[in-house]
Each structure stands twice: as structure tokens, then as C-alpha cells.
Amino acid sequence: MSHLLALTMAAPALAAVVLLAIPGTSRTALRVVSLIGAVISLAGSIWVATLYDRALGGLQLLDTVPLVPSLGIHLKLAVDGWGVALLLLTGVIIVTGVLASWSVAKRDKEFFLLLLVLVSGVYGVFISQDLFIFFLFYEIAVLPMYLLIGIWGSSHKVPSAGPFGFTWKRFEVGSREYAAMKLTLMLLVGSAAILVAMFLLWSNSGARTFDMQVLEATKFPIAVQHVVFPLVWLGFGTLAGVFPFHTWSPDGHASAPTAVSMLHAGVLMKLGAFGVLRIGMVLVPDAAAWWAPIVGAVAVVNVLYGALCAASQKDLKYIVAYSSVSHMGVVMLGIATMNAAGWNGAVYQMVAHGIMTGLFFALVGLVYERAHTRTIAKMGGFAHVMPVVAGFFTLACLSSLGLPGTAGFVAEFMVFAGAAKGASPWWAIPGVLGAFVTAVYVLRACKTIFWGPAPVDEFAHLQDVQRTEWAAPLVLGSLLVVFGFWPKLLLDFIDAASQGYLGRLPIVALAQAVTP
Amino acid sequence: MNAWLQVFSLDFAVAALALVVLALDAFLRIPGRVLGWLTAGVLASVLVASFFVDTSGVVPHGVYESGAWVVFFKRLFLVAGLLGVMGSIDWLEERTPRRQAEYYALMLFSLTGMMLVPGARDWVLLLVAFELMGIPLYVLAAWAKTDGPATEPKLGPEAGLKLFVTGVASSAFTLFGLALVIGETGSTALSALPVQLTPLHTTGMLMVIGGLGFKLGAVPFHMWVPDTYQGAPTPFVAFLSVAPKAGGLAAFSVVMLSGWAQHVAVWGPALAVIAGASMVVGNVFALPQTDARRLLGFSGVAQIGAVLLAIAANTQEGLAMALFFISTYVFTNLGAFLVVHAAAQSSGGHEVSMLAGLSRRSPWLGAALLVFLLSLAGIPFVVGFWAKLFVFLAAWRAGLSGLVILAVVVAVLGLFYYLSVARSTFMAEGTSSEPIRAGLGVRLSIVVCLLAVVGLGLWPRPLVDEATRAASAFMQKH
Amino acid sequence: MTLMNCILLASALMAIGVYGLATRKQAVAMLLSVELMANSANILFASFAHFRGGPTGQVFVLFALAITVAEVAVGLALVMLLYRRHGDTALDLASEARQ
Amino acid sequence: MSPVTLAIVATVAPAVAALLLLVLSPLRHRGAPAAWVTLLGSLVSLGAAVMLLVARLGGAPDARATIPWIEERGRAMAEIGILIDGVSLPMLIIVCLVALCVQVFSIAYMHDEPPRAFGRYFTLHALFLFSMNVVVVSPNLLQLFAGWELVGLTSYLLIGFYFAKPAAAQAAVKAFWMTKLADMGFLFGLLVLYVSTGGFEWTSAPSATVATWVTGLLFLAVVGKSAQFPLHIWLPDAMEGPTPVSALLHAATMVAAGVFLVVRADPLFALAPGTREVMLWVGSITAVFAALLALVQHDIKKVLAFSTCSQLGYMVAALGAGQAFAGFFHLGTHAFFKALLFLAAGSVIHAVHSNSLDDMGGLRKKLPLTTAAFVIGSLSLAGVPGFAGFFSKDLVLTSLEGKASWIPWAMLLGAAFLTAFYMGRLLIKAFWGELSERSSHAHEGNVAMTGPLVVLAIPSLASGFLGGWLATQSSAQYELHLGLTPVLASVMSLAGLGAAILVFRKGGQAPFTHVLEKLDTFSVVDRTWAGAYRIGLLGVASLAGWIDRYLIDGLINFTGWSALEGGSSARRLQTGLVRDYALLVTVGVLVLVLIGVLR
């Protein structure tokens, strides 16, 4: 099956096309078609994983269609080990995301349509081996978010204060339109930087090509690399929530509807980190090595600062959103270590955090849908009425704080080990501290929401998980545990890619020469 | 038939059509709506004919040059004219039922002028063609007191006057500059510049650039753009915002790249400044606009900046990409204006806020507007992305990387206001929920634009190839 | 009278025209200024033709005149419209469009 | 079956039980079946452990098997597996045996719970036993850490079992946070070890500096998990959990994991005398401090909780003295008699429906069997000669002879007196004297409740005699000798009991009660931690939250605001006057000409 990757990528988009033909009134049909598209893509991802030869490593399942040959643009799809892991993540999140959005009532046709288009973009990014196509898919993945948040999101009030309080006149800070606009603009500023970096690579590649394999083999002048790397880092980094360009994330994720938060925090933020890793680290390794200390230092800020911010939040979704900022810091930290443990950990953390945060947002959505509040202080004793939610929420919390036996531990441990072994061992300290702060805020939230005396009045009859709502907790929760106990399932893929790319890094070559 | 008559067959057909329309109205009292569809039909036939008629003959004295380049532009103008005419039919019928023939005739005359521009290789022909394109526009801009409801200010005269005053001032400068250039050179041939330029040459050339820049609406000759767009009938603005710009671009390329290519050192920096200023000013000024027409006007200024970037590259690739860009721009902007028009006719105003709930009232119109906006913003999988990308790549390769970076940065501002429009369309709750009533012509035009924008967005290659062929045909001769 | 003088004369006329365009408040005066500007170019054509010889300049003047006339004719019509709208031909009245 | 298979069975059986209960929710929701599944799991574990023991007595060697767990560059960065040797096997048996007893006891003790809660309780028990076994059989420090964290998790969930009670919820979270805080030390220790040796083996011999770092960091975790001063504050609060849980986790097994860790990592600690010095002092201080506080508690479980702290202090002090075996031996005996004490306390609480000593009194008439069990446990704890506790405590004290100018030795002797004294107080208050009102309705529980007491009473009495065998297993020296220390220790324990009888028989109060109660209620350590949490953590967090919303995001808003305001003000340049437009055209042309000419 030579076009397996293309099929996996296109399945959701094709489902979206089918949706166009279905009248908006046949609501079940809309959902079923969306689900079929999602499931096909997941099945495709799994198939890809089975076909991928882990021992061989490298790029596999190559599929090329020339698109604009005169400019060196080809639709070149292939997958490496990292890609396999992230494809699986995407598949799982979209399937559960569709099921979690079963109850979307408002303009559901458009909702599923945009959701599916977005996911096709995400798949595309992970399998593109042409920089240009990579960017193209990246944009597709980023843009529908504007409408998804702007239309289906939720608003709340943020009081104006601080030296910039006067800007509140112009912006309705906290409203879904504000969140959507801020998210989109910040991410697109990022993609503007990426575009410039792309041009630089393309024009300096000698061959004037966007083919990533050719670019990998090219040794770019160090001056070019030093311009490209920061552009890539901050460009993609904005999506990965790199401090101080992370502020779209709390508002965006807090305002977004459930499935969108799941996808955005679960998968899209990983696109950013994946970009930094795949393009920044692999294509311009010399500059990357020079910049790595800065990337790592900023990542460390992310971890600790994000966790502290999360600890100060009173709104449940904001807590989860800031925890994403913190956890993506772990990913970036792993990337900055530039060694196998760190990179494996970074990619593993992408998957682990994707699943964990997907689970979080699914559950938060469930709670919000029933209780109509996200203010933690107003909740209490929910475990009496929704024990299943409570249980899975606790599981997500545990993965979040890196408890062994959950995927979060394996990831964080590898990242910290990589950091400790790397050039700046001190990175591990704030990293671990961040994990402790995480333990504080997630468990406090968990306690306040779910524990305590049985709720009275309006919360007394909240329902527990129903029908399709089971999907997200069950699938994501069990994956957290499975990947926590049996990391080999994914690590084999991830490690294959890390080894391959690391072998090309100048510093690794150096280190191998020095140490026997 | 004479060979050179065949060269001009398309142009003559359009001009003749103008006369026929006038005559049919004057003598047979044919209803305006019929005239409109007739015009549209004939334009469509001419467009089809352009694929079969051989117009590649030679014209005596070298004043005109045919070829792939000319045909490319003619088809583009014909498409723009066709879409513009179709978009106007229902509005004319409703608003100025007794003056329909003149409207079509003027549009056709302007179209004739446009079609002559790209082939002109002599200043006299170029100037006459350019003015033939321009003068009817003054009249059309002031066609009606207003096209919106009675509550909107009656800005028709103002729209015409502003277009007119800046227009004549610019053409006075053009004339003055031409006088210097032609006087100093002694020939009206476009390519007659000597290798060594005198100061008078230089001054003249730059003044000509200023005059041509007016039609493109490039900074600082753009001041009329928002006011005229606001006051003139929107279906006409749809045409005005694209076709004359393509005409201006044709004139620009003909002047710069055929005659003056060797003197790029003179006009290159000036063009770069205009391009940069257009992108910055267009995007910044568009930010606070609340009227959709003004907003699109300023956005158009910014878009033109991007085209000029490609011309400033002074390469064949740059030219090809400029052609590609302007072609896509025709569909995109025309479509956007027609959607705004359709919505305004139903909701009673052209304010962006009036678009609220559009996607609920008419999902397809809303989706179409979104697609056009995304294309203008340069988002992938709609054609505007390729257009911007190709232009930037071409400029980058020609060493204009600074301007490209500037363009990329200000494009973000563009996103803000395009998204603001999208926000009104999709997110805001509208007061009315009844579907938008749009005439067949408008709907047809929008559909064509939509198909083009999406189709070319998915598969841009045919148009890229065509534009490259046209550009290479042009550049190989000069 | 040298060519340079003629150029200066034309430039002066141009300048006056521009000045008029920028300061006159009445639309008719504006039209006059426009005429001045256009004619400064015509003078330039004529003088080049005179000092450098050849028919080019003279022919061009004819075309230029025709074009200018057409322009001004349209201009007058527009001024009429302005008058109908406001009962006055003060050019500044046409400034409602800005926001 | 091979030892490896047996060890795997012993570890995994409770996991299978837990998984079954988690997945088959009807089983869990019914309640009773959950108990049987869990019990079955524990029984299998114990059976496997006993078979291992039998094999070992038959001369089987140590067993070790590992598989790669986390990979890096195609090699195993971390492994998981099992290790059965003279340390882990006794520990495995202790854990399984105590767990089984506690679970059986729980069936009776928890029978009033609704079925769902009952099921949840036993699921967590199964999970705990699995986690604890992971700790016990772990062949390297990483797996030990994983299990260590998992037992922390089950502890958290079990303390918070009565989650409707705010105090229980708070105690659970507090326990987790305090231990997690300490566990950062474990993680850092692992990282240091990994960086310097490339693995997580306790047998790897790094340099002395590294060893000091690693062991120092590991010890931090021990302080947290084994409730040593000043991180001990979570343990008394943890008594909010069901009493059997206190018996199993917070007395017998989980809290002893810290001691177990040091025993396991003894080769590393041997390289770090500095760390041992610190341990010696921390252990001694905790032993005395906690014993003093135990003296003034009115909650029967809190007395036992502080007593646990104190006894763990003994073990840590012994480890600090370099006598890992002494600590380990005390761990073993302590596990039996403290579990016994807690279960007996549970039986009492079950009978009188109160935790407070003030509600008890004269129970020996109503609860003869429980009283007997409690007395055995108390005497063992007090270190009365002949009882299990005597042997191990004596070994601990002996190991301290001459260390640090005999001061820790003296402190622990004092603590031995205190131990006997407060246990005497407890016995007298609860079981002797007048029958209190609540006590009058008390009666013994069924066999599920009394059975475990009997079973545990045996090793509480007799396990001291296994010291010699245990020592040979872990290749340590052990002989009972008659010297200064044993005599003094016996005297101290008897004196303590005697003093207690003298003081409390007439309802008197211990000397300094007033001061100690002040110390207890004021709880300096507790308040310090609470202050650090509120001000240090939440304060900084609020500051960070504010900065993020109003400064960093504010700046981003400001950027957008500037662009929009810029557009708005620039709009004024568009005057709307035609003349200005014409003028601008002129200026534009002139500028272009200037650019061209001046180029």
C-alpha cells in the first residue's frame, strides 16, 4: 500500500468533504462520518506503525508527488520514528476528541468540518519531508482554530489591572473572540518567522529545494544557521508555548470547546516542538548547538514559571492550560539537551503530555458541561456524584506530576536524565522542582473539586460519564498507564529516529570521538 | 481582413459591443437587464474566442506588439469585465434602471483601453489607451448618489471627484514627465532611451512612475482609494479594484521592463520605496476601518505593494509571479467585494458589523467571503497563499530580502483585520436571520471567483505555467 | 529663450497649477489649476519640438490636448454633480467619506 | 517453579487482582467479591514468597533477572526486574504476611462501608501490595523509586479513603506533598548516580564525593517517607485513614520503605560517612522527639503514630551507625508488633466507636483477646526482654555504642524509657481502670478481626529469635551478648513501665505534660511548613500569575493596542480633502524624483 501515509493524512479531510454533502439536520450522520474519518486515520497510523521497521530506522513509506517542480516543491511524504509516535498520538486524540464532542449542539456540521480539516493538517506536518509542504500543513493545522474557538468557545471576564490595564478598552480580555484572535495572531507571527527561515534555507541550499533530506545533507554557512535557528525556535516555539510567547495558550485553551482544547493542547502544541526538533535541531545543527543553552534556559523558565502560574489559577481550565505551558517546557528542555535521552524524553513527553492533557480537557469539559462553572472554589465533593470522572481526573493528575507507572514519569525522567547528562546539568533542578509544584496544584485542584462532603443543591444531581463520553477517559487513561509501564512500545520508534538524527550532529560526532 | 486588424480583433469586438449596446438602447429600447446579459454573453464569447483567434500578427511601425503576454492580459481583463458586468446587472436594474446601457458602454470602453495597454510599445498609444481606460472610470465612480440605503451618505459625486482630481493630477505629472523623456530622447518609442541618461531623463522617468502609480493605488497615490471605494457603486468598485490595477500593472511592466529595464538603477529604488510604503500604509490604515469597502480598499493598497515587489525584482520570474499574483487578485478581491455588496443590499449597510450573522443567513456566502479573506491574507490552500509566496520568493531571489521580511511582518497586521471581518461574519450574532437575496449575476460571479480561488489554491500550476509563458514571451523580446 | 528657460517656465506653470490645486476651494478653480498643469506639459512638448526639431512633440501635444479636454469635460460634469448635491461647488464639501 | 518465576508471581499477583477489580467494575461495586479477589492475590503472593523461602532454606542462591525498560541509543538506560536475596526475601514475607493479616482484618473492620467503597478499599489494597512488592524485589534504585512513588500514591488514596471528610482529604494531600517534596531528593540522587555511573545500581562504586551526594539526596527521601524530623508531620495526620491502613502502610511497611532503601543501598552509604553521621543524629532526634509527643496524645492512633516515628528514628539511627542489619532487624520486628498494635487499636476503636483514650477505660474486661494482643505488642515495643522488640532494639542500641561520644546512644536509651512509659500510659488508660460509658457496650469482633491479631501476636513474641538466621542471610554479624547495653535497655523498659504504673494508675499526669502539650498544639514544625507553603509557594505563584496576566500578556496586548492605536491616529492623515490628496500626489512625485536624482 504505497499511499498509506497520504490516505492516513487525507482521511479526515475526505470525511470533511463528505460532511459537506450531508444536510446539517441529520446530526447522527454528521457524527458518524466524522468518526469514520477519524477512525480510518487512526487505523492508518497504527498500520504505519506496524509497517515501520524499527531496526532499520530512518525515513520509510516514502510517497512523492511533484507539485511545483520549478520551485523545488514536492508533496513528499514519509515517516520517521518520531513521526510514527506522533501519528499515533494524533489518531488517538482525534478519535476521542470526536467522541467527546458528540454533544456539540451549536452549528455542529461546521464544527466537525473544521475539526477534521485541522487534523489532516496535523497529520500532514508529521509526515511531510518537504519543508514547504510541512509549512503548508502547519498553517492548515493552525488556522481553523480561529473559528473553532471564536464560534464554539466560551468567554469570561478578566478584570483590568496593571500597567497595561488601559489596553482593556480595546480588547475584551477573556472573551472567546479575544482568545481566538490572540492565539491566531501570535501563532501566525510565528509562522511568519518560519517562512523567513524557510526562504533562507531554500535560497542557501544550493539546490534551491525544500526537500528536507537534501537540506539535511547540506552544510549551511554558520551565519545563515545563526539567523535560521532563532527564527525556527521562536516561530515554532510560539506554538510550543515557549516563554514569553506562551500567553495565547492559557486564554486560548480556556476559551476553546472541549475537543478543540484536547486537540490544541494535545497535538498542536507538539507541532511546535516537533518543528523545533525536526527543523531547528536537525537542519541547522551547528547553530542549534550554540543556541541550545539559551533554549534550555528558557525551557527551564517555562517549566517552573508555567507551574507557578498554574498554581495561582482559580479557573480549572486555566490550570490545565498553564500546566501545558509547563509541560511543553519539559519537551523543549529535552530538545535542548541534544542527546539521545533528552530527545527521546522530549518526544515521549509530547505523546505523554498529549494524552494526559487530552484526558484533562475531556474531563474538564465534562465537568463544565454539567456544573456550568469552572471556578474551582465553587465545586466540591464531585467524587460522590461522578466517581468515574474523579478517578480518571486523578489519573491525569498523576501523570501530570510524573508519577512512575504513568507515561509522564518515563518522559520526564528521560528528559531530566538527558539534561543532567548534558552540558548544563543544573537544568534538571528547576525541572524537577516544576514537577513538585505540579504535584501541589493538581492535587489541590483534585481535592477541592472531587473530595469533601457530598455536594448539595445544584450539583447534587450531576451525572457521571455517559455513553460516548466514556471513550476519552477510557482510551486515554489506559494509554497513560500502558505507556507508563511499557515505554518500549513507543520508545523503539522514537529512539530509532533520535539515533539517526543524532548521528549527524556535530557535537555528538565530537563526543563520540572523545569518549571511547 | 488585414493581418493587423486580426491582431486587434478582440479589442475591436469589445469596442464594437459598446457601440452596439448604446445603439440597442437608443433605437430599440431593449431592456437594461437584457443588455447586461448580452454584454456578459459577448464578453464570454470573446473570452472563448481568444483561445481560437490568432492575434499574433505584426503591426506596422512597431507601435504594438502581440503575443502570449498580450493575450494573457486580455483574457484577464475580459474575465474581470465579465465578472464585473454580471455583478452589476441586478443592482443597475434596481437603482438606475434608465441609465443601464451607458454603464455597460462605459465599462466596455474602459475595457477596450485596458486591452490595448499591454501591447502598446509607443508612448502615444500607451497614453491614449491608458486614458481610455481611466476616463470612463471617473464617470462610473459617480454613477449613483449612493448604492446603499437612503441612510448612507450620498457619496457618489465625492467618489468621482476624488478619483478624478488625483487622476488628473497624476496624469499631468505623467505628461510632464513624458514631455521630458520624449523631448530629450526625440522618439515616442518606449524602448528609445539612450544608455547614458541625462538628469532630464531621470526626472521624467520618475514623474511617469508617479503618474502610473495612481492607477495602481500605490502609496502615495492611494488617497482616493478608500473614499472612492466607499462612494462608488459597490459592483463597480469590485471591477475598479481589480481590472484597472491589472491595467496599471500591465502599463508598469511595459514601461519598466521593456523600455527601461536597463535603467533599473533609476526606477528600482523608487519602486521599492513605493512597494514598501504601500504594504505598510495599506495594512496600518486598514486596521481601524469599520466600513468593509474602505477596509478592502486599504487592503488592496497593501496587496499592490506586494505586486510591485515582484516588478521591482526586475526579473522574468518576478514578472511571471506578478502576473500570477494579479490574476489571483482579480478573482479574490472581486469576489470579496461582491459578497460585501450582496450582504449590504440585504442588511442595509456596508459596515463590517453589518456582516454579522452572514454565515448563518447564507452559509455559502459566508464561506465564500471567508475563502476570499483567507486568500487575501495569504493562507495556504487558497490561491492567495501561492501568490504571496511566489512573489516573495521571486523578490527574495532578486535580492530584495529586506522588503520580503517587511512584507511578511506587516502581513500579520493584515491578518488582524481580515480576521475581524471573518469574526463578524462567523461569530457575531446578526439581527436578521433571513437569507441574503442576491441576484443571479452576483451569485454567478461569486461562484466563478470562488471556484478560481479554491481551484487554483489546490492546483496553481496551470496558471503559474501560463503566467511564466506570458512573462517569458515578454522578456524574450526585450 | 533657451530650452532651459522653457523648462523652467513649464515647471513654474506646473508649480502654480499644483499650488492652485492645493489651495483653491472652488471646484472650478481646481479645474483651472488642472488645466494649467496639463498645459505646462504641453508647453514642454512644444518647446522640445521647437528646440530639438521633429514632429514628435507636436503630435503628442495634440493627443495630450485631446485627452485633457476629455478629462476636463468629465471633471465639469462631476462638479455639476457636486453642485446638485450640496448647492455649492466648494471642493471641501466633498469630504464626507472619511471616517 | 524457578525462583525468578516465583518472585514475578509474588509481585504481579496483587497487580492482577487490582487490574481485575479496576477493569471489571461490577466486581468492585459489589464489595465482597473485591475483598476475595484481593485476598486471593495476597495469598498467592505470600505463597510464592514462602515457596521462595523454602527454596532458599534448601540452599537456593540469590536470584536476579532484569529486562530493559527505558531505552536510549538502542541500549537500556534503565532496567526493571527482580532480585531475591537475603534482604528482599524476608522483607517480601513480612510485607505479604502483614498485608494478608490486615486485609483479613479489614473485612470485618470495614464491613459497614457501602459496597462500592468497600470494593474501592480492597482494590487500593491490592494496588498497594503490588507497589510495595515492586519496591521490595527491585534490583536497582530506579525501580525502587518507581515502587516508592507508587506506594506513596496508594498511601495518598488510602489516607483519603474517607474523602468526604475534609480532614482526611487534607491529610492525604499533605502526606503526598511532604513525601513528594522529599522524593525530589531521590530523583536528584538517581540523576547524580546516572550521570556519574551511567546506571542505577547500588553496587556501582562511585567516588566518595559522588557517593556522599547520592546518599545525601537519597536520605532526604528517607526523611520524608520514613517520617523523620522535620518531615514527620504528615504521619500523625495520616491517621485519618482507616485504621487497618494505618497498620499496614503507616506503621508496618510503607514508612519502613525508607529504611529498606538505606539497607538496600548500603554499599553506597558505606562510601559516605558524612551522610551516615547526619542520619545518626536525625534518627536519634526523631526517636526522642516523637516519643515525647507520644506521651501527650489522647488519640490512640496518634500515640501509635508518634511511636512509629520514634521507632523509625531508631532504625535510621542504626543505619547511621553503619549497622544496616540492626536497622533492618528492627524494621522486621517492628512491622509485626506495630501492625499488631494498630490492628488491636482498630479492634478497640471498632468496639467503642471512638479514637479517644478518654472514651476508653477498663476494656480488658470486655475485650480480653484484644487486650492480650495489645499487651504483647506493647511489651514488644517497649523492649521488654524476651519479646521480639527487645532483641532488635538491643541490637540498635548496641550498634550505637561509642558513636558520636555516646550521645545518640544515650538519647535512644532515654527514648526506650519513654517508649515503655507512654505505652504503659496507653495500656492503663485504655484497658485498666474503670469501665467508661462507651466501653461498657464493647465486645470482641468476629474471627476475621481476632484471627489476624493472633497470627501477628506470634511473630511479635517470637520473631526476635530469628535474628541469627536473618543476619546470616544478609551476611551480617549477629549474636546476643550480655553487656552493658542490653542490661540498661531492659532496665529502661521495665523502669518505664513501672513509672507508668506509678504515675497513671491513679489517673495522674506525666511530668512536663503541660510543656509537651503546648509543644504539640503549637506544632512549630507544622506551622513552619504551612507558612512555607502559603507564603513561599502560593505567594510566589500568585505573583507569577499576576505577572503573566498583567505584565507579560499585558505587553502583548500593548503591542496589539499600539498597532491599532497607530492605525487610528494615522487615519487622521486621510483628511478627506481632495486638495490634500492632490498635494500628496505632488509631494510623492517630488520625493520619487529626489530619490532618483540624489541616489
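Order of writing sets the chain letters: A, B, C and D. Residues in each chain are counted from 1.
The criterion applied here is as follows: a contact is a pair of C-beta atoms (placed from the backbone, for glycine too) under 8 Å apart; a residue touches a chain by one contact, two chains touch by 3 or more.
This structure is a prediction, so every number in the text was calculated from the model and none was measured.
Undergrad: Compute per-chain Cα centres, compare each with the mean of all protein Cα atoms, and return the closest chain.
TA: A
Undergrad: Once you count every C-beta pair in contact for both, which comes out on top, B-D or A-D?
TA: A-D
Undergrad: How big is the gap, in whole Å, between where the Cα atoms of subunit A centre and where those of subunit C centre?
TA: 64
Undergrad: How many angstrom lie between the CA centroids of subunit B and subunit D, rounded to a whole number?
TA: Going by mean C-alpha positions, subunit B sits 77 Å from subunit D.
Undergrad: Take the average of all CA coordinates in subunit A, do the same for subunit D, and state the distance between these two points in whole angstrom.
TA: So the centroids are 36 Å from each other.
Undergrad: Any idea how many Å lie between the Cα centroids of subunit B and subunit C?
TA: Subunit B and subunit C have C-alpha centres separated by 26 Å.
Undergrad: Counting only residues that touch at least two other chains, what does the list for subunit C look like?
TA: Touching at least two other chains: 18, 21, 30, 91, 94-99.
Undergrad: Would you mind listing the residues of subunit A that make contact with two or more other chains?
TA: 185
Undergrad: What are the residue numbers in subunit D that touch two or more other chains?
TA: 560, 564, 571, 574, 576, 578, 580, 582, 586, in rising order.
Undergrad: Which pairs of chains touch one another in this structure?
TA: Per the contact definition above, the touching pairs are A-B, A-D, B-C, B-D, C-D.
Undergrad: Which residues of subunit D touch subunit A in their complex?
TA: 68-74, 77-78, 116, 145-147, 149-150, 153, 156-157, 160, 163-164, 166, 169-170, 172-173, 176-177, 180-181, 184, 187-188, 191-192, 194-195, 533, 537-538, 540-546, 548-558, 560-561, 564-565
Undergrad: Inside the complex, what are the residues of subunit B that reach subunit D?
TA: These residues of subunit B touch subunit D: 161-162, 165-166, 169-170, 173, 199, 202-203, 205-207, 209-211, 213-214, 219-221, 223-224, 226-227, 265-267, 269-270, 273-274, 281, 284-288, 413, 416.
Undergrad: Using the touch definition from the top, list the residues of subunit C that touch subunit D in their complex.
TA: So the residues of subunit C touching subunit D come out as 18, 21-25, 30, 91-92, 94-99.
Undergrad: Touching residues of subunit A toward subunit D in the complex: what are they?
TA: Answer in residue numbers: 158, 161-168, 170-171, 173, 182, 185-186, 244, 247, 250-251, 305, 308-313, 340-341, 344, 381, 383-384, 387, 394, 398, 401, 403-405, 409-410, 413-414, 416-417, 420-421, 425, 428-429, 432-433, 435-437, 439-441, 443-444, 447, 450-454, 487-488, 491-492, 495, 498-499, 502.
Undergrad: What does subunit C use to touch subunit B in their complex?
TA: 7, 10, 14, 17-18, 21, 27, 30, 34, 37-38, 40-42, 44-45, 47-49, 52, 54, 56-57, 59-60, 63-64, 67, 70-72, 74-75, 77-79, 81-82, 84-85, 91, 94-99
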